[in-house]
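Common to both upcoming complexes is chain A, partnered first by chain B, then by chain C.
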Partner chain A sequence: MIYELTEEDMWRLLQKIAEEYDVFGSKEELGEVVFSKISSFSEVSEKKSSYSPKDFLIKRSENILEIPRAEKKAVIGVKSCDLRGFYLMDLQILNKDPFYTVRRQNTLFINFVCTEMCPGGFCTSFGGPVLDDYDIQVLHIGQSYFVEADPRYERYLAGFRPASDQDVFVKHSKEFNRKYGKIELNGIEKRMKWSSKLWTEFANYCISCGACNYSCPTCYCIDVYDDETGRKKEWDSCILEGFTKTAAGNVRPDLSDRLRQRFYHKFKYYKLSKGEYLCTGCNRCVDDCPVDIDIKEVITHDYDKE
Partner chain B sequence: MITIKNEYLPEKMKPIRFRMETDDTYTIVFSKRTMSHAGQFYMLSVDGVGESPISVASGFGNPLTFSIKAVGSVTKYIMDHRDSAIGLRGPYGNTWPWKGADHIVAIAGGIGIPPIKALIEDMESEGNLSDLTVLYGARSPKDIVYKNEIEAWKKELDFRITVDNGDPSWKGNVGVVTTLIPGVERFKNGSAFVIGPPIMMKFSVQELIKHGFSPENIYLSLERRMECGIGVCGHCNIGQWYVCESGPIFRYSDVMNEPEVFL
Partner chain C sequence: MTLTICPYCGTGCQIEVDYSGDHYTVHGYTRSVVNEGKLCIKGYQGLSYAGSRDRITSPMIRRGDVWTEVSWDEALDYVARRLTEIRDKYGPDSIAFQASAKCTNEENYLIQKIARMMGTNNVDHCARSCHSSTVAGLIRTLGTAAATGSIRSLKSTETFFVIGSNTTEQHPIIGTTIIRQKKAGKKLIVADPRRTKLASIADVFLQFRPGSDVALLNSMMFVILKKNLIDSEFIRTRTTDFDVFAAEIEKYPPEVTEQITGVSPDLVEKAAELYAGNRPSAILYGMGITQHIHGTENVMSVSNLALMTGNIGRYGSGIFPLRGQNNVQGSSDMGALSEFYPGYIPADSDGVERFEKIWDAKLPKNIGLMLSEMFDAAIDGRVKAIYLMGENPVITEANLSDVEKGLTNLDLFVVQDIFMTETAKFAHVILPASSALEKDGTFTNTERRIQRVVAVKDPPGDAKPDWWILSQLYSRLFHREAYRSPEEIFNEIRVAIPNYSGAKYENLYPDGKQWPINDQHPEGTEILHVDRFTRGLGRFMAIPYKPPSETPDDQYPFILTTGRNYYHWHSGTMTRRSDILERESPNPYVEISVNDAKKLSIRNGQIITVESRHGSIRLPAMVTSKIPDGIVFVPFHFKEARVNLLVGENLDPYSKIPEFKVVAVRVIA
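After this line comes the complex of A and B, so read on.
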């Protein structure tokens, strides 16, 4: 069931949720859109957050010898592309990493469906911006907030007005896709070439900063290490040289090897092992890359011509 | 506040025995019984130093044993602090598929030998040692691990050993371990288990195929950087697989087209 809420209704909805959850939202602070605690719906910004909400579930750094625990949190204002990242990561790490799992099970995400494509975004290539899997999904058109909930959260919508148009999300999806089109993936998992010159070309200007991994809503790799305060897990980057170093040597000694790995993982390995591409078209890795490496080029590149 | 079990939390214990095998390789034995089957590994850790994946060197039900070459911070620390408590979590990974095979040729290079010791003990407990041939290559006589056990194994099974470089007292085979492969051609319809440095595994596979073994019957135990052991950290992938989850043992025919199978 899709409901049609007013702005006041949205605040009532959040208050209902707040009876069980600590409520966080995307809001503007010092010129950036960040996630922090909110006390009214009017604080919520519908702009794309400066960073993905990944650290609600995977902390940048934390002690893993402690008890994995979670408080019940609700996060409103997450963009569909960022939310989809969690559903993709679930396929590999849910029920394996205890810290991710306990938070995933106790965090309610309320995602906003975009009405305009963000600069550089290509979510339509991965089924966006209207998602099939969500907790509570919101589409804001004019004065109306169209809201749908997964059966687990449907109770929060009881009492609100059912929307007269129950196809509003389907129609929006069609209209959005018609308006912005999509980059065809075209069997990218079969097209990419191991020996492509693209990898060495990227390596010529990549500075191994790892920003692409850190900004990515689907990158889940972690570094586990000890220091004087305990055993930590910390966001890691497959672009860094030490990522595959062992006593026997390094399977990816060159930067081009590591760049290729990043794209092969996203567009081939994950597709083969999990049936999904490990990308949501959010464009965050492009936005944050200091040397303008564009993941879309991996998709559009003509490998047959090489 | 909701909490769940922490898979990263190790059980801590001190080894009951410590033995130097070579200048840089040692064996530690715990009172705990081995609950893993040959080929599996544990994550061993020292607080404040780190964690390392180490293969189990003992058969199911025997005292849990590891033989470790001191090459990194954790493995060196354990050698230098024999009294310290060691963190253990596992077992993880899959096992050597020895049951049902015609004959097994296990080929170990260097510190690849401990999981073959576990294999010998697992097969022995089911009375199958006549189905096993072991080829072991060490760098030199002083680098041979399990010198005492090897004397006993030579009486119980077909155990062949070679060293890359001999010394005046060495009367046995000299040459890399692949030089022993022509001698096992009569077992070509059996299975081959290969474990050791990447270059040794690469040439062993080539030699096995040259002598009639099929890629479907060759199994490799792959070494990758591993930081979690449970399919989360992302360091140990080979193609679409994580070595900790789908391995460490892979059928060669499944991974032979992966460019990163050997280093």
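After this line comes the complex of A and C, so read on.
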């Protein structure tokens, strides 16, 4: 069931949720859209956050000698591309990584469906901003907030006015995807070439900063290490030489090998093993890359001509 | 979210930090005019040092070999009393202060004020070892010792000339600015003994021998002169002493300098044509230019090159000395240098009177001891007490064995730091200080931008912000009221330094402003020397080539050059406490060429000995094509193999910077 809410209704909805959850939202601070505690709906920014809300599920770093307590958090203002990332990660780490699992199961994401494509974004290649899998999904058109909830969360919408148009999401999806078109993936998992010059070309410029991994809503790799305060894990980057290092060194000694691995994982290995591409078209890796390496080039590159 | 400044390099990237339970989340500030949201690996992964259990959390006094924790009052009273006693007994110049480019402007201003009010100009810091030659050189030729443009202005540059700077590793976000421009079709010339990342994508790569900088630059200028690619109008109206300079340049045809530099004349010609012809051109340089016995002359040669082609004072052109430390521009501006009061007022000039008025004190008018001289003075007993803030000279200074000898010969050695460093182990008193994440203040980055540093968390235990410690000491030494906040100190800086007069805390946040910022330029100054040079006319200097202090011979056939790598910072006290950074570069190493390794039967990873006339270290070999035959490179981060044991005490006569970049060594498998 799709409901049609007013701005005041949205605040009531949030208050209902706040009875069970700590409520966070995307919010402007010093011109940045960041995630932080909110106390009213008017604080919520509908702009794309400056970074993915991945930190709610996989902490930048944390001690791992004890499993975290379940803290119920609701996060409003998440963009669909970021949320889709978590559903993709689920395929690999849900119920396997206990840290991720306990947070995933206790975090409610309320995603906002975009009405305009963000600069550089290419979510339409992966279905566009209207998600099939979501917790609570919001489409803001004019004065109305159209809201739909997964059955797990349907109860929060009880009492609000059902929308007269129950196809509003479907229509928006069609229109959005038509308006912005898409970059055809075109069997990228079969097209990519191991010996492509693209990988060495990227390596010429890449400075191994890790931004592509850290910004990515689908990158979940971590490093485990001990220091003087305990055993910890932290976000890792497959671009670094020490990533998956073995006694004999890294099996991918050259930077170009590691860059290729990143794209092969995103567009081939995950697709073959999980049936999905490990990319949502959010463009965050491009936005944060200091040397403008563009993942879209991996998709559009004409490998046959090489 | 707290918006502050990355504590590593002089780029001064703005970072958003969330801190909870000893864990940091870091993002680049996308609205920053400096880094536009981008960060390097040190920005993303390098902050965990602040939460380390190794932090010193209580003041300590050493009695014999035993460290005793004491209260702040006891520690500060003791330090104040001992400093005063030593000054009264041996005179003010028996005391020396070492400031820190890692600390804020406010802190550096305060420490030099304390030194001078005690009656000595013996105050200096690591700028001596990195860009003192830039200060000496550019003040002579242009009048201002700082980058002439902004990082943003590099987007308008047509030709980049990068010499002696591994920019993508040492100033990554400036390096990537160059890469993006290069990708957009701009031209890039790189001059470096090592094949750096920028060298590998350059239009022209001049792989010259360490120490032959002047010969290389003079030969480029020879070509520019011969092909008449000079900017005659600019030379006529804006500069002086061109003729003497041009006469010297006549001696350096590329065919002749090839013997010295190892660079073929056609490459020199190509580089000269690009730099002079495809304007605006910007020169970016680092320690490869400055850390030589002719460091100041290198800097003046760079200045000559820019002046003769009119590549200065125009948007997209200029000279960019890439300042190493986060606040080395600021700490130098603050006068934490033994020859300068704040704002580069010569310490032996009448300009000092101005500070006598502002500080209401009689002040010394002489040139104090420079960093590299303080340890020698400690050995021969001239200096009895050293007060050191946030430096680790036992790892970072040249001629290390003398540093230790000097430190053990002191009556009083006070160290104000966040960790028990190799240097702090020699101290009598340790004052636990704050990291950049635990205090407020300002840093000034490599493009003269004054930016606000904002505390993300509290210091651990009893540790205190450096400004607080200094302020308490100040109050005890001079019986004056202590400063209550960094802002109060900053407001005094605005009075002391005219170039800072228009900067106010509330106007520096979130966007910093570039000095000079004053009544004429209330929004700051992006480009210097637009209509006139600070000193009036830009001055050409005739610079003859002189060989480096050490040249390879039969006994020591290799040239050793030292520096940093991408993952670590200086003596490693910060970065070696970050898991990922330490994982990426866990061991010391010596880079050696494939050919040389083959000749000496050295395998990659094999432990070998590198020996100079001054010392010897053992460390693993890294066999690489990045480095040419006959040259080896060792980073100075590692206490396990302190490369500065090998570096001699040869100093640049103008700036007293040691020659870290050229040491004759032998390699033993």
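The criterion applied here is as follows: the second predicted complex is superposed on the first by the 305 of 306 C-alpha atoms of A that agree within 3 Å, B and C clash if a C-alpha of one lies under 4 Å from a C-alpha of the other, contacts with A are read in each partner's own complex, and residues count from 1 in each chain.
Definition applied: a residue touches a chain if its C-beta (ideal position, glycine included) is under 8 Å from a C-beta of that chain, and two chains touch if they have at least 3 such contacts.
As the structure is a prediction and not an experimental result, all values here were calculated from the model.
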| item | value |
| --- | --- |
| Fit or clash - chain C, chain B, common chain A | fit |
| First, second, both or neither for A:G120, with chain B first and chain C second | neither |
| Which superposed partner A:C209 touches (first chain B, second chain C, both, neither) | second |
| Dominant contact partner of chain A by residue count, chain C or chain B | B |
| Arrangement angle, chain B at one end, chain C at the other, chain A at the vertex (C-alpha, nearest 10°) | 80 |
| Which of chain B and chain C A:Y225 touches, first, second, both or neither | both |
| Partner chain in contact with A:D236 - chain B first, chain C second, else both or neither | both |
| Closest approach of chain C to chain B (Cα atoms, Å) | 11 |
| Doubly contacted residues of chain A, that is, touched by chain B and again by chain C | 223, 225, 227-228, 236, 245 |
| Chain C residues within the chain A interface of the complex | 1, 3, 16, 18, 22-31, 37-41, 43-45, 48, 51-54, 168-169, 172-173, 175-176, 179-180, 183, 197, 200-201, 510, 566, 577, 579-580, 583-584 |
| Chain B residues within the chain A interface of the complex | 1-9, 45-51, 69, 71-72, 197-198, 223-225, 227-228, 230-235, 237, 239-241, 259-260, 263 |
| Residue ranges of chain A touching chain B (in the complex, touch as defined) | 64-72, 92-93, 96-98, 100-102, 105-106, 194, 220-228, 230-231, 233, 236, 238, 243-252, 261, 265, 268-270, 272-273 |
| Of all residues in chain A, those that touch chain C in their complex | 29-32, 34, 36, 50-51, 55, 59-62, 204-205, 207-211, 214, 223, 225, 227-229, 232, 234, 236-237, 240-242, 245, 287-292 |
